[in-house]
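As structure tokens, here come the structures.
Shared chain: subunit A. Partners: subunit B in the first complex, subunit C in the second.
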Partner chain A sequence: MSAIEFEAIAPRRVAPPQPRTAARPRPRAWRVLILVSMAVFYVLPLVCAVKFSLINQKGTYGPQNYTAIVNNGALSDALILSLEIAAITAAVAVLLVFPTTVLVRLKLPKLTVVMEAVTILPIVVPPIVIAAGLLQMKETAPLWVVNTFFNHPLTILTPLYVVLAMPLMYRAIDTGLRAIDLHTLVDASRSLGAGWPTTLWRVVLPNVQTAVLGGMFLTIALCLGEVVIANQLDQSNLTFPLEMIQFASQDNAPGISVAMALVALLFTFLLLFMLSFLARRRGGRTARVV
Partner chain B sequence: MSAATSPAAPRRRGARRIPLTWLGMLPFLLYMLVFLGAPLYVVVHGALTANGHFTLSNFSAILTQAQYLIPLKNSVILSLWTSLGPAILGLALAAAVVAGPRDGVLRRVVSSASGVFAYFAGAPLAFVWFASLGTLGVITVFFKTTLGYDLAKHFDISSQLGVGICYFYFQIPLMVIFMTPALEGLKPEWEEAARNLGATRRSYIRHVAAPVLAPSFIAAWLILFGSAFSAFATMLALDGCTQVVVPCKIYFEMSNNVLTNSIPFGLALGTEMIAVVGIVMIFYWWVQRRAGRWLR
Partner chain C sequence: MTTQSSSHPVDAQLAAPAPLTPAGSGVGVEFKGVQRHFGAVTALQGLDLQIHAGELVALLGPSGCGKTTALRLLAGFDRPDAGAITVGGRDVTKVPAHKRDMGMVFQAYSLFPNMSVRQNVAFGLRMRGRAKADRLTRADELLEMVGLGDAGDRYPYQLSGGQQQRVAIARALAIEPTVLLLDEPLSALDARVRHQLRGEIRQVQQRLGITALFVTHDQSEALSLADRVGVMSSGRLEQIDTPENVYRYPATAFVAEFVGAMNRVGGRIGDDGQVVVLGQRIPPTTPDAYAPGTAVEALLRPEALQVTLDSGGPGEIIERTFLGSSVRLRVSLEDGHELLVEGPSHGAVLPLGARVTLRVVADRVAVTERGAPAPAISPQL
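Up next is the complex of A and B:
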């Protein structure tokens, strides 16, 4: 209830309709040229990949490469494992970043620089370096650390993926919070007697819903595509993208790899495409995060 | 109970509250310290250690021996052309999209697709190109059977050119993501004002749009450079690592510890990568500050 009411109270920024097209009398040739060539560059390989993935092991056309994702035990396990990692990573990243960013925006604006610096670090440190560090830690860390974290991808990859997700999650949430009148919302909520948890969960969060979802979806994309760090681990439980590589290099079934890649791409595209509609419904301002 | 109810002092709480507010930063900062700080510490510490003692010898090795310098040179070359090319193409694409209607299907498709391609990066995209231009790829097969041209003889998907094309595939969308807000920040009024003062479209672009966009463009290009420099997943997926670049060298140094103890050199190379990307990001930060001046 509170979300809807506060939405009415908070001044929503509605962009005035921009008369952009008025100044553009003719359809521009360069636009058409760029859009068409880019469409070819992006769609052609995808079409090729679809065709490639439909050629099964026997050299005939068929959906076998796709059904393998569900039927092959190792593959479906990998898919479930990766989805688990993705879900937990996205949730933990939001739990860490959202309250902290609200706090910084409200009370500690001076720390914005710190937040930006800390969240840009995972970009500065290349994944291969984190992977190297991980290998080295496995050798040197105390036994209990190795036993607690290194035995399963879920326990070692999830915390690291949260770190990798920080840049996108922070940027998404920060952009979302910039677009709303955070001070007024929080003051109103607090003055009506709501505690901090209620304020965060039922007032602020619904107002930056699109931004948070955007950050979560990109995190999921990241978890479904990351191979560099995962590749350094014990190979008994492979994640989905690692299986993808495995099928091409060792099992000599690149058709399955390509099918897996396409499924992952399509899944993420649908998530983000849905989000863009949601963003428009809610005012469009936060659509920019993706 | 809350100070917020008083309109006179709506935002500031008492000074004694401050320690409590700072406590709120702890979970986030501690988390980053443990899960990013620990691997980082291990890498830098290992790079500075030989036989249990502090030393700079690992660094002098990687900065003098050809086997470590050649990967660095190759990495820089690869990163340069796979960031400049996509930067220009991405700017063009973003401009073409922004010139269209704000809520159009085109804009929505491009922005969603950019998110997918840019953040998916590595492995899945590599397989899309593998299926097109690999030895058994659809385009390669088409060339051979229909046109009688053996593409596989002249082009290898795990060569630098092949890997570079895969990089273009995620670098262009990354550029679109970074440049779209900047292009949207160009106010139509500026163009109208310039036109009213007699400027042609070309001189508007040359004297107004380009200078305003330049810092954003350079900042985005720097991000692209860093992204290309640290990318490794593509090569891993294409079963390459035939490329002599820094990430591959690290990968080999870290894994062949049985014969020679090459791990310290791998860790030193890792530190070198952090330094290179770190410098790039410092430039980025500096340029980004200038970019914000006009585009709000």
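Up next is the complex of A and C:
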């Protein structure tokens, strides 16, 4: 088929960046002071923690505290359990919140205020209150409920963490959806023959991927750091943060506890860097379209 | 100006590539008493509209007149409160959007940002289960047709607005739709690209013989593009006719004042039923609408008036605007009324302050009862 009616237009070429001619102004002293203060405030404790985590029980430097995490079965189990809870929580939260938020924005925009109010409740209600309520429920609930949900942290903590993650997930996804022309994309997809599941999966989700990933990473960070509810509800299978607290309370292994905290922190940093990387990649694609 | 698709002069200029669908394969569309309410607001109050197979109908009207609602109902994005919509004789009122086989081009750039241009065009075919090689070949053919054959691997953000709308057209045509729906597809583009793309849309629609509904608030777009123009106001179809008839013989005062600039000149209905205006007798567009002797206002286009230099004439030229091919004059009458007059720019130069006589050169004139309020629109003066 030949281009007989349409005038061919060469795709826009991006102009190469122009070299800077003006000299960058020298930073003022107070800016440097603020930067140094911030660095000291945030980095110095980390440096100290790293140094402390590298001191073994003999008082010399070495990686023993880190190898202990891998070699210690209880620690490995706690880490795996926490990662399982985090992964399931993040997945369930996305499955619940993503379609709900799309539905509200497309069909029920008047419910936006209600959604915002409901999703902020887990922040307003302190975790200790939630835990106390659940313990009360455990006392009075039918036996099958207790046996089904309260016997393992995976079954009791995951639903709770989904609720706790709701504010993070909803706001992340809602922000992502606000940044795209959701109505037009959905209408275009539907007019081309895509049903709702396909539209959500192939059109909407990829365009809010960064926001969804952001919500998932925050959810994972929440799960890896939550101790209040976990401590109240289950003492038999400790999650990773509870193991950290237990090690910290032992006189002979505080270094392992700090090493665990740093591993968790590093994991969260990696997730955030990954998010930042994806956001930069996707930012270019969507910048001029939405 | 375009007329029926089968006799459009541009057809003669077309080469003969393999058509995507045989010409004239479009189907008829019919709205039967379609109503749509949004709370207390009535968007459509019993719309009756027939679009013939292979025809391009433009719905024209101010914001909130119901034209986009009609388009969305036809697309299946919304459902009417009453009435029915048929496509090719089949009732599609309750058929969901993804099962209607309608291609749509939107006002906003609607390409999927996460997909390449080729993937965008092939998306509809993928939804129809076509083999990958087949749909990508088809996508390349369509991109070639819209002059973007080398842009298949690019992403929407790498294209200009006009290029994105071309891809959107290719994407809508890829599924070989029964009806092509165009929702103000040119309004986000700059004037040059808009003008160019307007002609290209028309050529493709005619070449494929596809039935099309075009929604716009731009009268020049509607008049230049459509086989028939439907003018809507407050959820009602005021008039649907060829662009020439809508412009020259508006059925209502609203149509007269919405489409093009319009003068209201005092007159009356004579004993013979003709309109007496500016000392002339002219047949009304709607005979017998008013009884003889009724005071009326004649609705006259600026180009339906002619001025002649006359030192004792009743009018004075108070403004003169050069428009390139024409000149528009503002003439003040002795009773204080002002009229717009438009004529060719190559004629004699009429200076400001000159006294003139006015003459009506229309063969028919639309009238409205004197004192009837003007429609709540801003005619393009």
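One rule holds for everything that comes next: the second predicted complex is superposed on the first by the 252 of 290 C-alpha atoms of A that agree within 3 Å, B and C clash if a C-alpha of one lies under 4 Å from a C-alpha of the other, contacts with A are read in each partner's own complex, and residues count from 1 in each chain.
We take it that contacts are C-beta pairs under 8 Å (C-beta built on N, C-alpha and C of every residue); 3 or more make two chains touch, one makes a residue touch a chain.
These figures come from a predicted structure and were not determined experimentally.
Novice: What is the contact status of A:D181 with respect to subunit B (first) and subunit C (second): first, second, both, or neither?
Specialist: second
Novice: Between subunit C and subunit B, which one touches more residues of subunit A when both complexes sit on the common chain A?
Specialist: More residues of subunit A are touched by B.
Novice: Would you check which partner chain A:T268 touches, where first means subunit B only, second means subunit C only, and both and neither mean what they say?
Specialist: It touches subunit B, and subunit C stays clear.
Novice: Counting only touches as set out at the top, which of subunit B and subunit C does A:V118 meet: first, second, both, neither?
Specialist: first
Novice: Between subunit B (first) and subunit C (second), which does A:V203 come into contact with in this model arrangement: first, second, both, or neither?
Specialist: second
Novice: Does subunit B (first) or subunit C (second) touch A:I245, or do both, or does neither?
Specialist: After superposition on chain A, A:I245 lies in contact with subunit B alone.
Novice: In the overlay, answer first, second, both or neither for which of subunit B and subunit C A:R190 touches.
Specialist: both
Novice: Under the contact rule defined above, give the subunit A residues that sit at the interface with subunit B and also at the interface with subunit C.
Specialist: Looking at subunit A, the two contact sets intersect at 187, 190-191, 284, 287-288, 290.
Novice: Per the contact definition, I'd like the list of subunit C residues that touch subunit A in the complex.
Specialist: That would be residues 14-15, 17-18, 75-77, 96-104, 106, 108-114, 123-124, 127-128, 141-142, 144-151, 154-160, 162-164, 166, 168, 171-172, 175, 181, 196, 200, 203-204, 207 of subunit C.
Novice: Which residues of subunit A touch subunit B once you look at their complex with the stated criterion?
Specialist: For subunit A paired with subunit B, touching residues are 18-21, 23-24, 28, 30-31, 34-35, 38, 41-42, 44-46, 48-49, 51-53, 96-97, 99-100, 103-104, 106-108, 111, 118, 120-137, 140, 159-160, 162-163, 166, 168, 183, 186-187, 190-191, 214, 217-218, 221-222, 224-228, 231-232, 241, 244-245, 248-249, 254, 257-258, 260-262, 264-265, 268-269, 272-273, 275-277, 280, 284, 287-288, 290.
Novice: Which of the residues in subunit A come into contact with subunit C in the complex?
Specialist: 1-12, 14, 180-181, 184-185, 187-195, 198, 203, 206-207, 209, 282, 284-290
Novice: In their complex, what parts of subunit B are in touch with subunit A?
Specialist: Residues in contact with subunit A: 2, 4-5, 10-11, 13, 21-22, 24-25, 27-29, 31-32, 35-36, 38-40, 42-43, 46, 89, 92-93, 95-97, 99-103, 106, 108-109, 111-117, 119-125, 127-134, 136-139, 168-169, 172, 177, 180-181, 188, 191-192, 195, 223, 226-227, 229-230, 232-233, 236-237, 239, 247, 250-251, 254, 263, 266-267, 270-271, 273-274, 277-278, 281.
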